[in-house]
Amino acid sequence: MTRQKKFRAGPIIPPEAAPLKALTVTMAVMCYLACLAIGALILIDRAVESWTSGLSREVTVQVRLMQDADIEKELSKAKILLETTVGVVNVAVLERDAGAKLLEPWLGTSNLDDLPIPRLIRVTVNEAAPPDFVALEKQLKKSVKGASLDTHRRWEAELTRMARALSTLSYAILVLICISAIAMVIFATRTVLDANRQVVDVLHLVGAKDSYIARQIDSRFLKTGFMAGLLGVGLGVATFFLLGLSGTIGADGVADASRGLLFAPPEIAVWSYGILLSVPIIATVICLVTSRMALIRMLRSVL
Amino acid sequence: MTRQKKFRAGPIIPPEAAPLKALTVTMAVMCYLACLAIGALILIDRAVESWTSGLSREVTVQVRLMQDADIEKELSKAKILLETTVGVVNVAVLERDAGAKLLEPWLGTSNLDDLPIPRLIRVTVNEAAPPDFVALEKQLKKSVKGASLDTHRRWEAELTRMARALSTLSYAILVLICISAIAMVIFATRTVLDANRQVVDVLHLVGAKDSYIARQIDSRFLKTGFMAGLLGVGLGVATFFLLGLSGTIGADGVADASRGLLFAPPEIAVWSYGILLSVPIIATVICLVTSRMALIRMLRSVL
Amino acid sequence: MVRLDSVGLRYGDGPEILRDISFHLRPGSLCFLTGPSGAGKTSLLRLLFLALKPTRGLINIFDKDVSQVNRWELPLLRRRIGVVFQEFRLLDHLTTFDNVALPLRVMGQREDSYRADVMDLLNWVGLSDQAQAYPPVLSGGEKQRAAIARAVISKPELLLADEPTGNVDPVLAKRLLHLFMELNRLGTTVFLATHDLKLVSQGKGAVLHLEKGILKAA
Amino acid sequence: MVRLDSVGLRYGDGPEILRDISFHLRPGSLCFLTGPSGAGKTSLLRLLFLALKPTRGLINIFDKDVSQVNRWELPLLRRRIGVVFQEFRLLDHLTTFDNVALPLRVMGQREDSYRADVMDLLNWVGLSDQAQAYPPVLSGGEKQRAAIARAVISKPELLLADEPTGNVDPVLAKRLLHLFMELNRLGTTVFLATHDLKLVSQGKGAVLHLEKGILKAA
């Protein structure tokens, strides 16, 4: 009595959900964080660009006329001090007119000849290794009467330095994410294989080849990695979107920049979308390559 | 021939390493990220505090004397415009002296009576819902001759707004981390239990109580959570340390703030260390409570 | 001790595996259960060690109605029953010694208190050399003997054994039968399911014959 | 077909489990292996299906020296050998049908091509009703029959069976023996390890007796 029913052959390796589901969640979180880190990198990059373009590697020292001091002497003292400071590339004492320009916003272009206009020194700094502005200002104040450092630009330099630290941190986080993703995949592979040791043994003994077994398991990891990557990127884009909504339009902040990330002119948008979309691809590749390599190595260790 | 050797009884549940090791790695990464998020929150909080304390909810509008305009008329025009702007709480036209003070840094306290000193209007804004400064400035420039908005403070307000977005993001990330940690623990519990279904069955059949079995598995999760938490916090503190080293001392940036996080005066340091050390505790609690609850529920589902 | 009254069992929506089973095991009795493969012997034993509830009918064990037993009472009842599973069910990560000692350990006994007993029993079933070996390296017959030792170590009031001699040679089978009969002499009620008709004829006890889920006294 | 020459085996640093085993299985022969529990029968079979390498001595299978076989050649050799494991080793997540069909599937055959064969074989061992059932719901004897069906489905040149009738009743045991003898008649070399002396006397074949790792022709 042979029943002629339509059978559907079951999967060779049991579809044990738990370790792979866990991997999906972890990988999705990792991908999300990778997106945030990449977004941060792009934003920081753009911010630094705009700051440094405004900064043009220059700081201004201003020397006020003091009742009891010879302005030219003070200026040369300041010049010598600045020239011997590490991180300073060039020092130029500006004409009297330059100081007058400084007051223009308040006083207009009226005749200021009889006013005690402050004198300016333009200091070109080494952008890669700027001097310690705080120490420099202290020293200037101590040895030159009426001297002060343009704090606004100093602050911008400090911002740039901070942005660099943040971007290094973002790179570090990206590396950390990759490493732990690889570790996760290896552990998941081992878990899946451990859970199926008996099955793998039997498959070997009925004549299955290593590559055949590896293929059965691999396909799961492929799917897992891709799903997780898409999920993570989806969440990431949603986050940038919300972040973009949180700031006013036209302001020069993160909100604006994250809007720029999403709704930029095509040629830029394509680029940032491309980088973001590389996340699921990299996740899939990490999943596939790592699990395949781990599998082959683990399978070899059995007779 | 009874051998009288000293036996050591093996663990009731096999010490299957893989799912728990995977959990340790994941949880450590989560804890690390939680530390970063918490650090970010503290830093943003302090930054906002210092910005807003300097800001004191005020913006200054400056009206320059123009050759062909009546300054008092322009001032009252500006006042009316400002008073009708949404987000403005109070408008006060300042005395002439206030404008003179503005030039002090450049010109000293010399007599400025015959100079065209600009006039100032102090605008108190609603901190919670500040006006749209960009639009406001445009309008001012259009309808009042010689008017300009103090852009520096405007920028600070924008910064504060951005900081709020970042701190919301940090909170969101913290919540996300907690949720995925709980998910991870549940999956790991299921994996451990699945891998040991036979063992649990046998234990039930030889008369073990659910609580006895749960206890055997729980202790592993306890250790896992605590180890992962410590690892994560260690990495986190190391990161703040490195970040702290990356900026110059005394500068008003993240570097400084992260230094403040670690080497603050005792009463503040205790607080931030306390928050950071709560991470491994929370991780342990999440591991323990989640796994215990999941275990009891899963064990109940077997006869 | 054990009383079944027109018990029926079906798995899920399947056919009835056991039909109208009624019998009574008096305390201290020895009883064999025979029947062809797939007759339902293991299913019947599962009912007796409370791993299954009957679809219909009444089961009384230790004067308790099984359908009235709470979940938290189960462990306490099971501790009074020793079971030898057809597929042994040893824990692969524990040594033979630990496997045999498991029921005592689960009851909360300390190792010092049972070490000598366990070693004596291992000696009797011929496994003293394998006390520190793990089940995966034991031969089929050795596993079976370890499973038997685990079932009897706590001197249970009721012993259920499913095909306990399927993997051992006739000489050893006889030796194991003697172990069961010794236990029975000391007061344990013994219920053995087996295909081995020689074993049945060697042991002095009642014989129940199961065929397609229906009980026939033989 | 199979030739062993003073083969010795020890696990790790343990004692020698097999000592000086030498015998020859001619193509198409039928041979029984008997011996007490723990004698080393399963270990000897493990050597023959290439799950173990001997510590010393020579094994030739299909005219190949086993110690010279590469890892990638193993699957191809194993496909010519059918094995019934003492503990069955069915895959719990596959139906009985899929379990039996596994060797064919692993060889890359399509389901259409083997469905009828598998169903016929299941019918012969009395499992056609359980074709879509999973091993955990099979009775002990049903599992054993499924394991036997899996071993013979690919009509191997060499069939190794370890205690293939330990969980079935005498009637069924005889039926299974007939299956092995039928295969043998069609050219398969059959090597059976068993405790069941009645089975040995029913089958017409050579008998090897193993005792404490030493072979004695009976």
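Quick notes on this structure:
As written, the chains take the letters A, B, C and D, and residue 1 is the first residue of each chain.
Note that in this section a contact is a pair of C-beta atoms (placed from the backbone, for glycine too) under 8 Å apart; a residue touches a chain by one contact, two chains touch by 3 or more.
Quantities reported herein were computed from a predicted structural model and do not represent experimental measurements.
Minimum number of contact steps separating chain B from chain D: 2.
Each chain gets a centre from the mean of its Cα atoms; the one farthest from the centre of chain B is D. Centre-to-centre spacing of chain C and chain D amounts to 29 Å, using the average Cα coordinate of each chain. With each centre defined as the average position of its C-alpha atoms, the distance from chain A to chain C rounds to 66 Å.
Distance from the chain B centre to the chain C centre is 62 Å, each centre being the mean of its Cα atoms. For chain A, residues touching at least two other chains: there are none.
For chain C, the set of residues touching two or more other chains is empty. The touch graph of these protein chains is a ring, one cycle where each chain has exactly two neighbours.
Interfaces, counted as pairs of touching chains, are A-B, A-D, B-C, C-D. Note for the complex: chain B touches chain A at residues 16, 18-19, 21-22, 25-26, 29-30, 32-33, 36, 62, 64-66, 99, 102-103, 105-108, 110, 115-118, 132, 134, 148, 152, 155, 158-159, 161-162, 164-166, 168-169, 172-173, 176-177, 180, 183-184, 187-188, 190-191, 194-195, 239, 243, 246-255. Chain D makes touch with chain C in their complex at residues 11, 35-38, 41-42, 86-87, 137, 139-142, 145, 162-163, 166-172, 195, 197.
Against chain A, in their complex, chain D makes its touches with residues 49, 51-52, 71-72, 74-76, 78-79, 83, 89, 91-95, 97-98, 101-103, 105-107, 111, 115-116, 119-120, 123, 128, 131-132, 150. Residues 1-3, 5, 7, 9-12, 14-15, 198-199, 201-209, 212, 300, 303 of chain B touch chain C in their complex.
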